[in-house]
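Right after this note come the structures.
In the two assemblies presented below, chain A is common to both, partnered first by chain B and then by chain C.
== the complex of A and B ==
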């Protein structure tokens, strides 16, 4: 029984969670629900007409199947590279940088101040035919004429996305690496583990959820991005987000855009589920 | 006997030192540890005892000297190649593993057969009285249980030397005393050589059959605990292992005159000297009966303080010239006869005083 003045623990928990819950409900769940309904509608004479049609979904697979696969590949590669580089950086900050570890992480976060579009334009400037990289290649004699294959492809998109997303991948991994004590590392060596065995059997298993979080954040962001591929993607680097944006804006085909969004979401969840099954092992209980 | 090296030592340290920048954390350690012994290394924090232990285990490399284990030079071998295992102060258990996986970790790295690992893990957990805890995650154990898992994890490797770096200092007093008893029993059951580092004098005496007192990176004294207590060689060692009175005096032609006003014969070179007297070595008398011929020194003084501990009491006596000495172990029957301000005589055998370096 609770006193008259003290709200019960449950009530207090509800009150504490209410603002965040309200924001999520109003700004995320409700629009999602509306979009889900719209994805079964049709467009007639530029007007949305309620319907129970799967035509929009059929169109996604007919028209955008390849782009969807390509998007998953771009997102997956971006996320894998972010997790790999992020782990190396976080590992160095935690185990090799001594008391400068936190400072290194701060530096990684500071790069976020660069802004998103600025990074895209920077990569455009670096990779274009009259860009920075080509200037170096020509000046050093490695190439006789400027390469036009650097920009407008999958590679350019992935490079720019990794550049932007790396700090987001570093943070969760570093957070978990901080829970692995130096004593654990020493104990592992003391019990006969080489450096590699310590890494694989003591360090990596203890930051599994951090690695997965890093993968999930990078993957979801990359797979849903439509700005980077528009500026740097060209043909092979195009991603489904661009076409979703098109359907909503210039073509005014909301059902198509909504259906594409949900297919993208389902595909992303599928990828995350598969990766999660690999990353996260259930602990003994 | 403490000065001579034991026959067939398991561990030999020669000129061992560790320097960080300009400061010697450990310096010129010469030490031989007998096979099968339980050695306590006792010293204040910062005296270099943990660094010494870490050098034996290979977790810190020495900057000078040599380490031999069982006749083999291991000075620069990494920890994974040494026949030693360490139990750390903050256990360092692998948080993502069960009790069984923690204890089996070293054996599985050594690629022992599955049946052997299972059997040895069971035995090790039985030894630390944690049978039945095999499948628990280590973070759901109490502090004492975690430390016992750490102990089992090291013991299961059957190290030639087990190194214990203040493993009990994070536990509360009751648990610590229980674990001390268990450690002694485990040493007897499992055998092997144990080296135990602590800053707690009572713990060092309770555990070790050999005691090493360290100070400022050097070994102050090594020997059986009783001998270090009764015959300390320095003022530091005398004070660190117990309470002590220090009596200043002057020796001339084999006759010592103490500042507290007594004289007796003690062979040795002329000059000033300091004698240590344990408070419990002296006896208190309300009436003085004996004479100088019984080999005891006698001084008269006034009681300025009495601390009644129940079964015994201790008191502070002020002698002629303002010198004070502490007397402990005063029996219950005597406590009722004395009072602060009362005049009494204290006596102690001449042989109870030990010449210590100032």
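== the complex of A and C ==
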């Protein structure tokens, strides 16, 4: 801790962090910058031409305005459902499940990483006309013939996205619920608070950041996804990511794909900002 | 009132667990079903889909590529992520949180955007051929922040006295790390590496954009998903589930992650 050792310690810290940040700079920061530059270029005769054009952005709003709005709605609905179900699950694990609480959280963790594509595929197998759910509906007599309306719509996309994102929503909420002390809850009860009052006045205020984190993660991921809508969405369930991928790799219109990416990220941040602002303002003091 | 509430909670929890695990269970069960449709009734136990899979050269090529991506990704991310975590120990939260957040930006934005950014960089500016190396670069972006977070969490409860003692007794920084720090954080490192491995193995979007030609397991599954409901997908999906869930479960045990 002598004065002479301080600079070398600082230098060592910089050197230790250097590789990770070099990777971040070269493979992420630089590409994002390039993508931003390319979003102002034009495609002439199938060749990228440097330019300072806003044509790609104009195209985003002309051609894909509706899809963008629909994407934000799908993302928002998915995130709201994830926060609702995630809170229910986390609340149950923390306060209602007793010794099974840890097992519930294990279920959430185990389903966290495994099988992004597998989950989408599973929902197709469940919802398709000759699929699992229809077989159950017919066997149980709830439906006379297979329903072909389960798949290829907004609902199917949201169900699959909620399934994928629910564990990501549960964990941050649970992380904060764990810190809510039992003493406070008992105190609230002893002072005559109803279960509902305890929930709204004692428990929810203490997990606001967790709830917002759950919303943010679910929303960002859902709004940016393109495999789920492409595979399960049909016409009414399509989302902007599909068209980014299409413009970029099928039509080789890089400027359009780049501009759409930045519009998507800006719109997502805007939605999150609005939700965050509402969330903060409603905080009871 | 009380028993009714308990029954209601049980129903809610059971429904949610069914919703979360059901689809995965269906995939696993139907991978052992002889019929080609994922539908009831079950037609009988069979290992045919696994036989089809294991006799496919394409599957083994994809499997090899997946390992060729996931193993280097896990090792490199563990090195760079751990170095970052070490650099940030003893730094105040005000200094380390922004750096960890910056490192985590690639996992907060849509993977599609990360992927097309990489393609623009590789193809247009660096003229680097797409391929497994290109995929590893993309996967490092996703995995090194997670390693840094896991190891940072471990370092927070790290006993620094032994380290100071080693340094005072004349150990070089490397010797102190090798003989004092490393033995204490070894479990967290293995856990973080397995987590990185599982994420890389499962990752699809960056992979499909940057691999050029050839397949990893995830792009192999995608190819099958697009063409038809090929039931051998159930078998490969089950294998992937076993590997990713298995390595995540071991990782969580080792890092003693609790929510």
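Observations on the structure shown:
Here, the second predicted complex is superposed on the first by the 253 of 285 C-alpha atoms of A that agree within 3 Å, B and C clash if a C-alpha of one lies under 4 Å from a C-alpha of the other, contacts with A are read in each partner's own complex, and residues count from 1 in each chain.
Note that a contact is a pair of C-beta atoms (placed from the backbone, for glycine too) under 8 Å apart; a residue touches a chain by one contact, two chains touch by 3 or more.
No experiment lies behind these values; they were computed from the predicted model shown.
Superposition model on chain A: chain B and chain C are shown accommodated side by side without a clash. Contacts of A:31 after superposition: chain C is touched, whereas chain B is not reached. Of the two partner chains, chain B is the only one that A:183 touches; chain C does not reach it. In the superposition on chain A, contact is made by A:135 with chain C only, not with chain B. Taking chain A as the reference, the larger set of touched residues comes from C, when chain B and chain C are compared. By the touch criterion stated above, A:251 is placed in contact with neither chain B nor chain C.
In the superposition on chain A, A:59 makes contact with neither chain B nor chain C. Nowhere in the superposition do the C-alpha atoms of chain B and chain C come closer than 13 Å.
In the superposition on chain A, no chain A position is in contact with chain B in one complex as well as with chain C in the other.
Across the complex, chain B meets chain A through its residues 57-59, 78-80, 84-86, 88, 90-96, 98, 101, 105-106, 109-110, 135, 137, 150, 153-154, 157.
Residues 12-17, 19-21, 23-24, 27-28, 30-32, 34-35, 38, 48, 85, 88-89, 92, 96-97, 104-105, 107-126, 128, 130-132, 134-136, 139, 163, 166-167, 171, 174-175, 178, 220-221, 223-227, 231, 241, 244-245, 248-249, 254, 257-258, 261, 264-265 of chain A are the ones that touch chain C when the two sit in their complex.
Put simply, chain C touches chain A in their complex at residues 6, 9, 12-13, 16-17, 19-21, 23-24, 26-27, 30, 37-41, 79-81, 83-84, 86-88, 91, 99, 102-103, 105-106, 108-114, 116-121, 124-125, 137-138, 140-141, 144, 148, 173, 195, 198-199, 202-205, 209, 218, 221-222, 225, 229, 233, 237, 240-241, 244-245, 248-249, 252, 257-259.
Note for the complex: chain A touches chain B at residues 179, 181, 183-184, 186-194, 197, 201-202, 205-206, 283-285.
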